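Per-chain residue numbering starts at 1, and chain names A, B, C, D, E and F are given in the order in which the chains are listed.
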Amino acid sequence: MNELGVVRRSIKRADLSLVDKLAAFGVATAHEAMGRIGLMQPYMRPIYPGAQVGGTAVTVLLHAGDNWMMHVAAEEIEPGDVVVAAISSECADGFFGDLLATSFKARGARALVIDAGVRDVKTLTEMRFPVWSKCVSAKGTVKATLGSVNVPVVCAGALVHPGDAIVADDDGVVVVPAERVQETVKAASAREANEAEKRAKLAAGVLGLDMYKMREGLEKAGLKYID
Amino acid sequence: MNELGVVRRSIKRADLSLVDKLAAFGVATAHEAMGRIGLMQPYMRPIYPGAQVGGTAVTVLLHAGDNWMMHVAAEEIEPGDVVVAAISSECADGFFGDLLATSFKARGARALVIDAGVRDVKTLTEMRFPVWSKCVSAKGTVKATLGSVNVPVVCAGALVHPGDAIVADDDGVVVVPAERVQETVKAASAREANEAEKRAKLAAGVLGLDMYKMREGLEKAGLKYID
Amino acid sequence: MNELGVVRRSIKRADLSLVDKLAAFGVATAHEAMGRIGLMQPYMRPIYPGAQVGGTAVTVLLHAGDNWMMHVAAEEIEPGDVVVAAISSECADGFFGDLLATSFKARGARALVIDAGVRDVKTLTEMRFPVWSKCVSAKGTVKATLGSVNVPVVCAGALVHPGDAIVADDDGVVVVPAERVQETVKAASAREANEAEKRAKLAAGVLGLDMYKMREGLEKAGLKYID
Amino acid sequence: MNELGVVRRSIKRADLSLVDKLAAFGVATAHEAMGRIGLMQPYMRPIYPGAQVGGTAVTVLLHAGDNWMMHVAAEEIEPGDVVVAAISSECADGFFGDLLATSFKARGARALVIDAGVRDVKTLTEMRFPVWSKCVSAKGTVKATLGSVNVPVVCAGALVHPGDAIVADDDGVVVVPAERVQETVKAASAREANEAEKRAKLAAGVLGLDMYKMREGLEKAGLKYID
Amino acid sequence: MNELGVVRRSIKRADLSLVDKLAAFGVATAHEAMGRIGLMQPYMRPIYPGAQVGGTAVTVLLHAGDNWMMHVAAEEIEPGDVVVAAISSECADGFFGDLLATSFKARGARALVIDAGVRDVKTLTEMRFPVWSKCVSAKGTVKATLGSVNVPVVCAGALVHPGDAIVADDDGVVVVPAERVQETVKAASAREANEAEKRAKLAAGVLGLDMYKMREGLEKAGLKYID
Amino acid sequence: MNELGVVRRSIKRADLSLVDKLAAFGVATAHEAMGRIGLMQPYMRPIYPGAQVGGTAVTVLLHAGDNWMMHVAAEEIEPGDVVVAAISSECADGFFGDLLATSFKARGARALVIDAGVRDVKTLTEMRFPVWSKCVSAKGTVKATLGSVNVPVVCAGALVHPGDAIVADDDGVVVVPAERVQETVKAASAREANEAEKRAKLAAGVLGLDMYKMREGLEKAGLKYID
């Protein structure tokens, strides 16, 4: 957040094999395993349904109406990365389209997460290059002002350091700090372990009230049943 | 709206066979038949397209960030119900996911209508458990504070009493008070009766201006045609 | 914007064969070819994905909650037109449904663009009558107050004169003034000409930094690479 | 919510002397005394700061862009009333200005609460006729469609029955059902009783942690202090 | 809307003495006299209350995050002008502060109307240089991209031609096309003529129902009075 | 962002005498001196006009509808601090009122900056305890869930570390990292140095075009003057 005109070349990425494990759990589980933090705001939506992606963050800080740094970011992409784009003030322009997607994909990027607009969504959908964005907009941008690449950014309310794990699916986007990926995978695994059993019970008609033993707590809190 | 910590067990539900008839007309027609009232705000959107549901309301009043009462509501569900969840202040958290959906479905619920967020939407879509919500969010909730079940609630701007008929489709969600379901079915039937004929005329190129005899009214109102 | 209660019958439409050429480029390219102006606000979304439409504008100015003039507009439609509906103040009601769509389609309209709500979206989707709107709403309207047809309107932030070219796809809606269609087609063609080549290069891993020769400019602007 | 074209003439108003007592506590305290329910959404703001009002609700249901029923409501006003205006769908038009305010004031109304726009705010401020509204807008309305007066309405997310107590100040607007006014005054009084003492302690530097004996609960919940 | 990089030097301004007359009526009356059109969206608010301004429009079209053209616009200002600034896509940055205000004021500008942010509002308030804006923001802008001056613009939903009359007060901002100023002054005068009489009647307790003779119309529309 | 249930007791605060110098420049200048970053989103508004405050950040991370940690934060306040409150998901409840303000003030806090609602604004205004908030809301909160104190937080889009400098005035709120305060004061001083001279020139009618020597750049960019 505190450097402009800077590109950090050497970043420490989260272990991609762990990130992949985390991504398999999906956003809701990863976010719970994190302790219910790290989620981007719910206005971040995928341009097509069904994509489920994990990767390591290459961050880019842009200015309203200016996508120059996107091209700078492209060079920093390594296979397995997800580009996370923040704007220095709210903007709904379309900073990204099919040409940049072709470039990002060629470099190995798995997705784009951008707190702004995206365009050429039909082509991006055909390419299966997933984007989570604030909106869709054909509004073009200029290339006139420096931002930064691989500095910490705030994207859709979430702090992202370069190299952090990004998990995104139909439920949204969650950021897991690189140093916490291992413990989060562990916590997510533990969480998932007995989900199948729970699901089976609930499907059989057992109530959460009983399965989670909530009745006593509710009564103690003063819940009254009336006719 | 005026009781907290209360679960009403015996509610008078609208006649489900009538509710089913109403649901077959869809939201737009049911809403017109009601006299253009009872509609929830248009930000209430289905998590997947194509669902068309009718049911009787089990209402639940929750607090921001707390889904404890969802489990209490589950026990009150009877086959044919639609759970209607209101929050005591605006909140976009994800109060509902696939485990609760499994439970609700097992109890016979047909859908959830919630003035907040929902998560696990991919799984919910696969389960074909429809949800109309304000947004999608993976943000988890706690279980700490009492709300109420089966009290009158305001959900997305509409007043819902327990037992009221809920109709929801791609156009949104409408509430029909239990005591007005019969007359609304009747009005909707009357409305639909000559729609096929109208549609055929319009498809043949007849103008609404002529079919509805609007020309005189427009002229009287002062409409001028110029070149 | 300055006449109420008026219907202009004779409007000069953009050359439809040129409009069709422009539509084939899509919204993003047409908008760039225009000089990055003329785009409607990004909240204008299609009711179903994949539609790509071009046409000549028949404009209609409505009042909040009143769709009377839609029927007046229907009579002014000629094959190849797109109806562009503006509301004199913000309104989310559903001004348009399947009956009007049947009528518009019978008259030769290719689409509706409306800065308000639309309903019967399931049927409209089945009919393949595309609509770009601010929202979906079943809220019905009355027929009580005069607006105008074929006057200049501001729709979703864009000025539209009757007869202007409208291009709409998954990226949004752009307006091209009738007198600028020819030059815009030309500019779009020029723009597209070398896109295939660029795309091939980018797909092969060439960076935009090199392809667009940006490195010098960035360095001159002060960009620093650090480790 | 379920009757259009109806004016209820005889409504049971909350005891005005109790409402006045409640208003003296202000909105925050009344809302807490109610059990944290009954509050309108926070977008409802006063047109000038400093007004603190209590009164009994005369309700009016209007349609988007149409203020006809405001004149019908005027006749139902008795001294001590607050007019509560709901719109059947979201609308930001200016339904109310200085002429209506003159009329309402002459009838004894103390304020207007409207889930839409208001105009002539400079004059209203000079008249000291307070209005809580969604916005300020000069947009005029028509007089063409029937709504209702003194039916239950949902205004800015809160259910209001005719005769309910309305309390409004710089913190917003709260609704207290007529039958709960007495107990709410009592609860508010109890709440206020030891506020002075609490305030003195806090002003002297005593921490809420100690005054409210929170330390044990926090520790039990797992709070950790680190350096 | 259709020219970029252009400054029109010779524009035809509305007669300032007529604009002053119109401004004296205020926005609500001017807007009604126009036929309820020409109003900017209600999110346009003054930075301080009480200002009431009329002037002739100098228009400027800016790009997101770039205020270069503001300086170009300054040179085109003549005494009596109001600068109207539109942005080619939604932006909340602070395009204008006390230095530009000093310059605009020195050139004779009476106010700024901007569909974006403004800063230094404390100083602007002390200078009594009124601004109507979408928001207040300290976010600075760059000077890199050409827009235009004195071309038609859409500002906050309203079409403004250079030279049009702008009236702004606490109720918002209205645009009156230069060629319609005279007739609007006339219509506004007629409208105001009997307002004093009406106000006196209403203040005396006469109902609008009677004064405007609405009872018959309401009855005919089906209004029912019940107990 | 990555620790819950934690209170950091020893934080390194920015030098308060430097923070005071920075605050004297105001938000717009401090933000420019920072390189146009660090600004909170423009929806953060003061509850009363005219306050201009600088201080060192004590941060608190709260959950929707739960203000328990505010009391924990109170103990960490030292004279000269500004409390910065972030919520783990969007919430408009009133987390703060006159009792907490009394406590914060007694501890030496200069202001509160909160990405949520505040209540008792009349009393806070009388106390002259300034608050910058997203909204005003009387909605009360519970005390049930742990958050954290003095961890890095994202507040209204800006990253805040405990001890950072906060400057707030009528233009909004800016965050300056503790380690950058000195250089920012310097840059702000340099910026201000010739403002008086510039202002005098502009007031005398000199154009920014000439003072900033923009004419050449504009011409080079292609600006055309036409009649």
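Just so it is clear, a residue touches a chain if its C-beta (ideal position, glycine included) is under 8 Å from a C-beta of that chain, and two chains touch if they have at least 3 such contacts.
All of these numbers come straight from a predicted model, not from anything done at the bench.
A.B. asks: When the contacting C-beta pairs are counted for B-F and for D-F, which pair yields the higher total?
C.D. replies: D-F
A.B. asks: If more than half of the interface residue numbers appear on both sides, call it same; otherwise different. Which is it for subunit A and subunit F?
C.D. replies: At the contact between subunit A and subunit F, which are copies of one sequence, the residues are largely the same (over half shared).
A.B. asks: Any idea how many Å lie between the Cα centroids of subunit A and subunit C?
C.D. replies: 31
A.B. asks: Using CA atom averages as chain centres, what separation in Å is found between subunit B and subunit D?
C.D. replies: 27
A.B. asks: Multi-chain contacts only, two chains or more: what residues does subunit C have there?
C.D. replies: In subunit C, the residues touching two or more other chains are 36, 39, 88-90, 92, 137, 139, 145.
A.B. asks: Per the touch rule above, enumerate the chain pairs that touch, sorted by label.
C.D. replies: A-B, A-C, A-E, A-F, B-C, B-D, B-F, C-D, C-E, D-E, D-F, E-F
A.B. asks: So in the complex, which bits of subunit B are touching subunit C?
C.D. replies: Interface residues on the subunit B side: 26-28, 31-32, 36, 39, 42-43, 45, 49-50, 52, 169-172, 174, 195, 198-199, 202-205, 207-209, 212, 214, 217-218, 221-227.
A.B. asks: Quick check on the complex: what are the subunit F residues that touch subunit A?
C.D. replies: Subunit F reaches subunit A through residues 1-2, 4, 34-39, 41, 88-90, 152, 154, 157-159, 177, 180.
A.B. asks: Can you tell me which positions in subunit D touch subunit C when the two form their complex?
C.D. replies: Answer in residue numbers: 63-66, 88-93, 137, 139, 142, 144-145.
A.B. asks: Can you list the residues on subunit D that touch subunit E in the complex?
C.D. replies: Per the touch definition, subunit D meets subunit E at residues 5-10, 68, 70-72, 74-75, 92, 94, 97-100, 102-103, 105-107, 117, 119-122, 125, 135-140, 143, 145-146.
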